[in-house]
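In what comes next, chain A is part of two complexes: it sits with chain B in the first one and with chain C in the second one.
Right, the complex of A and B next:
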């Protein structure tokens, strides 16, 4: 990734440019010591003087905020300008100063709107940090004068905490009273600038010790840069949180979120006092000490899928390279390219007003979609569909460019939707609720809710839908919660059953589903784990470990991140930015293929050839799920599960097919399905017995009462059970019935024996 | 002291290239060492030869330093510094230092702008290649120096002759007006020339540009068309499948046809051969029948001759002998009777001459005619001819 820098020549400030900000994606506002507020239009290439500030106002910091009022189109923009004379000014869109407030003694060094726009903070040379209401009324004195100037401060994403600098220290202070703040020594020199990413929660800081450092939201160091020649004067996160820019004297650097540098440019600009990203994250502007405005856009963004590679080579051009045939196609667009996504044999290029869908087989004729709003922040692709996340809506398209739906739910706010909080699977969309972080909304492609949202016990950090499977029932949702535990949940359910959720692993840093199969890979602690058949969790928890393969991840270094899992290859990015490909056994894919086409013979042959326990375990569970008795028996025998083999042999002896099927579902852990099969085939006695055997007493009694048979049998077994436990009966229902029905042990035993005989006769 | 002054000052010091990094916090507490360092450095930047007191260990030294610096700036740059503030060495001294720094910074900025405008590419590319070019240039220059030297030497040699001419021309009286006019004219002409050339040059650049853009456009067009061609090539037109199927059918049919023609040819050839063989066989039979006929005639003739033996034997004897020698084996029986040989020879000669003729019937008729003239017994011969005719008709089929 590179920065392409240019300096607009059509106008110039006559003094230092100290603050810049983006008005929209094509307009930059800048302000400097010459008291001019200028507006630069990048498309038409002209600039305009918005207003001239009073002579005593030397702006130091500058933050614009646009908020929607009522309707969609109406926005009110307000600029917050802080100045060296200890005041801050609220400036309207037209450039009129609406309010000037005396805020600090000495210069006001920083001013920022909160993310929700309800309040603003200012920090001054006197060491105070103050929170003001929207109209400029003092709300609270967050930090009282320590005498150390607050050079920089930043809101947290939820507007409940403030991060500020205090000499060589960084402090995170919650705004709720009497709460303890987190303070740590961050640099060896004075900290001049700090920025807090609202997507990943990471913090960057830079100061006079000529380093920039990356921290997580608890103050744990992630990265510390090399020594620069001069102090770091400006920092800014990109809106998507995957990049940040660092400015210093004659230096601008573009870095990845883990700290390593993408590129370094040395323009002759003097110090960069302020860096601002455009909302689409493709351009940035910076104010320079040599009176110039620096504009840069990012080129060289790269996407990869299978044999194809897409690369933005300019503002309006993309080159697609086919590695196998060594051919490449240059795609030119009439507008700026904002987003690029390549997956599932399709390339989607989003420009400012249109989206182009290319099939990888033909790059000459794209399908063009006109965007509804023209500000796409994210693109998700699945096998058949794509989702565009725009400023106020989600849209689902198919690859022919037809709009299928625009899913909505109550708390949806796409402007702040975190990319790791939404996922697209085959025919399914899942997203973490933005109002309640413990909820996951699950919708199908047409925008309909599927069985209500998934409720978890604590905050969900990352979600992912599986891409494989034949039917909707095979789709699984994986999510990582705040404690970094990985959970798996079913998405679609049979009509009577409930969704099932279970924990798969803990301390999971990142996870990824395979692009075509239901295999999940995760970075767990210091190893890479592959679960060959995560569904096993709902079948036999004991065997989960058997189907998992653990690889040592020491070669991937510290904090590796899973980037992709396509076919047999896992792409892992190390903390230094190197991408390492790791191979996965191809046999798993083959086995999944055979299982989905009921090719059990081939599957057996494959397992015999490979002789891998994990594969055998997968096969055993797959066969049990598909109710293929012979294969399951062989597979269980191969992994020494004698109890299962014996049980299967017991099943085989039973002559009635329905019973066999029911028993197989029991073996597969589907008690409800087994019961349903039995009831449908009129074997009420069996259904009751299976419930008794699984200690599902209430259900057994319910069936018995409903069909008016064997009530005494249930009661008899329950009594025996309670006697064995040496406890009195506590269930009201049983107590009540016990009083009405009398039980004769002999008679019950006889009845049961008679039932079994009758069954035999029937067959 | 203000934040802005500090910020601007650090920036200027940085861009002027001060050896150490200056922090924003350095001036919060009095720090004379730093202020003195910066002051001395700034003045040295201003004039490396400047004569100021460079020590600041004792109080006296410090006062001296501040005073000499202020004096120097007042004299050289017309800048009045507040010595009291400087001596304070805190935030207020920054304001004073800023005055000097601003002066230098502005000068540098102006300089940089000029440089950027003038020779940006030259400063951008500093590497070994440019030096290589310099080497080449210097070599060229060296050769030029020698050639120039040689030419100078030559012209100096001519000096002796030219001296006289020069003196002569100098001594000539020149009319000033005329000279001025001529000069003006030539001046004007050259100016016009220059302007027209300039115009040409500009035009060349413009046309070059337009041509370049045209080439670019054509190239992109070509590329697009090629792409389109490729896609078109990929597309199969309608009926192509049917066409291919028919082509295969046709191929089959053609093969069939070739096969049949070959068979036909072969059969025709066989037929021809058969016809030839047939003809030969026919000839053979004809010959045999003729032979038989002759024999019959001979028989008849012998019978006749037996009747007229006494008359003709002597007359025919000599020629009959010569022929008889040639045909010894064939006419074994004829040797027995001398009279028979004579007749045979005469007939044989006739037969040879006629055998060239292919028409057998005609030949037979001829034989008839001749024979009749020779033999003179028409009745018998006719009977034989009719017989042979019937034979022939049998053989034909």
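Right, the complex of A and C next:
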């Protein structure tokens, strides 16, 4: 990835440029010591003076914020300028100073709107950090000054914490009163700039010790740069959180979020006082000491899928390379390319006003979609659909370019939607709710809600929908919560069971579904783990470990990250940026294929040839799930589960089909499912007995009472059970019924025997 | 000697003309006058010569000054040139570093791909054997 730098020549400030900010994707605002506020339009290539600030105002920091009011297109922009005379100013779109507020003793060094736009913070030379309402009324004194100036500060993504510098230390301070702040020594010199990414929660800091460092949100060091020649004067995260830019004297550097450098440029600009990214993450602007405005484009973004490779080679050009045929296609566009996505045999190129959909079989005739707003922040692809995340809406298209729906839910705010919080599966979209972090919204492709949102017990960090399966019932949702536990949930409700959620693994750093099968790979701690059949959680949970394969992680180094899982290949990116390819046994895919088409004979033959325990376990579980008794028996025998084999043989003796199905469910420990099958088939006695046999006394009694049969049977067995344990009855329900019901042991035995007789007769 | 004419303050010159001033003195005065004239002329010519000289020196000084500035400028240019070279060198070094780390990354990726290839070859061999 590279930076293409240019300097607009059509105008110039007459003194150093100390602040820059993006108005929208094509307009930059800049301000300098010459008191001029300038607006630069990058398309038309002209600049205009917005206003002249009063002579005593030397701007130090500024931040623009646009908020939507009511309608979609109406936005109100407000600019916050802090200055060296201890005041901050709120400037309207027209350039009129709406309000000036005395904020600090000495200069106000930093000012920033909160991400939700409801408040703003200022930090000054007096060491105070203050929170203000958006109209400029003092809300609270977040940090009482210790005399150490606050050079830089940043809001957290949820606006509940602030990060600020204190000399050589960094401090994260929650805004709720009486909460403890986290303070750590970050640099050997004064820290001048700090930035907090709102997508991954990473922090970058840089200062007079001529280094920049990357931290996670708890202050754990992730990366420390080499010694630079000059102090680091500016830092900024890209909106997507995968890149950041570092500015210093005559230096601008583009880095990966892990800290390693993509590229370094040495423009003769003097110090870069301020760097700002455009909201689409493809351009950045910087204010320079030599009175110039620096503009840079990111080129060289790369996407890969199977044999194809897409690369942006310029602002308006993309080259697609086919590795197998060694052919290249150069695609030229009339507008700037913002986004590039390549998956499922389709390449989607998003420019400022249009989206081009190419099939990988033909790069000559794209399908062109006119964008609604023209500011796409994310593109999601699945087998048949694509989702464009725009500034105020989500749109679902098919690959023919037809708009299918625009899903919405109450808390949806696409402008701040985190890319890892939304996922697209076959016919399904899932996204973490933005108001309640424990909620996951699940919608189908037409935008309809599927069985209500999924509620989790703690905050969800990342979501992913499986891509495989034949029917909607096979779709699974995986998500990682705040404690880094990986959970799997069914999405569509089944007739026999409600939506189920279960935990698959813990300490999961990242996970990826396979592009075509319901196989999930995850980085657990520092090893790679593959679950060949995650649905196992809802079939036979205790077997989960048997169907998982753990790969040694030594070659993956420190903090590896899963990048892709396409076909039989997993791409893992190490923290130094190297991508490691890891192969997955091709037999798993075959097995999934046979299982989904009920080709059990072929599946058995495959497993016999490969002789892999994980594969046999998968087959056993798949067969159990599909209730194919013969195959399950063979598979369990192959992995030495004699108890299961014996039980299956016991099942086979039973002539009634419904009972066999229920028993197969019991085999996996799914008592509820078994009970439901029995009750649906009117076998109340069986249902009661299965609960008795699993010592599920209360449930057994409940069913008996509800259907008014066999109450005495339940009580009789319970009594026998308690006698054997030599304990008195403690359960109130049983005590109560015991007093009212007479139990005749002989009669009960007879009744039970009669039920079994009746069953036999029926069959 | 007491000359009555002399006592009256009158004198006779060689051609016996009556004179008020002692002809000796008068002659000396005339001489002086002439010498003074000579001196004036001399001074004049000296002045013009000196003026010319000063002008020359001035222009020379200007030239020297200009050359000096030029020299300083050139020296600074050379100095900044070395700095510029240093910056360029740094940029190139950074480029080399980037490229070499990129190479290292690609090498690792290549290695892992080779490993995958050998794994797949193994599977192929096994399939062929089983057939």
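The rule we apply is simple: the second predicted complex is superposed on the first by the 657 of 763 C-alpha atoms of A that agree within 3 Å, B and C clash if a C-alpha of one lies under 4 Å from a C-alpha of the other, contacts with A are read in each partner's own complex, and residues count from 1 in each chain.
The rule is short, and it goes like this: a contact is a pair of C-beta atoms (placed from the backbone, for glycine too) under 8 Å apart; a residue touches a chain by one contact, two chains touch by 3 or more.
Small disclaimer: the values here were computed from a predicted structure and weren't measured.
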When chain B and chain C are modelled together on chain A, clash or fit: fit
Chain B versus chain C as contact partner of A:84, first or second or both or neither: first
Chain B versus chain C as contact partner of A:290, first or second or both or neither: first
First (chain B), second (chain C), both or neither touched by A:266: second
Partner chain in contact with A:578 - chain B first, chain C second, else both or neither: second
Contacts of A:327 with chain B and chain C, given as first, second, both or neither: neither
Partner chain in contact with A:230 - chain B first, chain C second, else both or neither: first
First (chain B), second (chain C), both or neither touched by A:60: first
Arrangement angle, chain B at one end, chain C at the other, chain A at the vertex (C-alpha, nearest 10°): 60
After superposition on chain A, the shortest CA separation from chain B to chain C (Å): 8
Partner chain C, residues of chain A touching it in the complex: 229, 250, 260-266, 555, 569, 574, 576-583, 585-586, 609
Chain A contact footprint on chain C (complex, rising order): 87-88, 90-91, 94-95, 98, 101, 104-106, 108-109, 112-113, 115-116, 119-120, 123, 130
Interface residues, chain A side, partner chain B - complex: 16, 33, 58, 60, 84, 106-107, 109, 125, 149, 151, 167, 189-190, 192, 208, 210, 230-231, 249, 268, 270-271, 289-290, 362, 364-365
Contact set on chain B toward chain A in their complex: 2-4, 8, 11, 14-15, 21, 23-25, 109, 112, 116, 227-228, 231
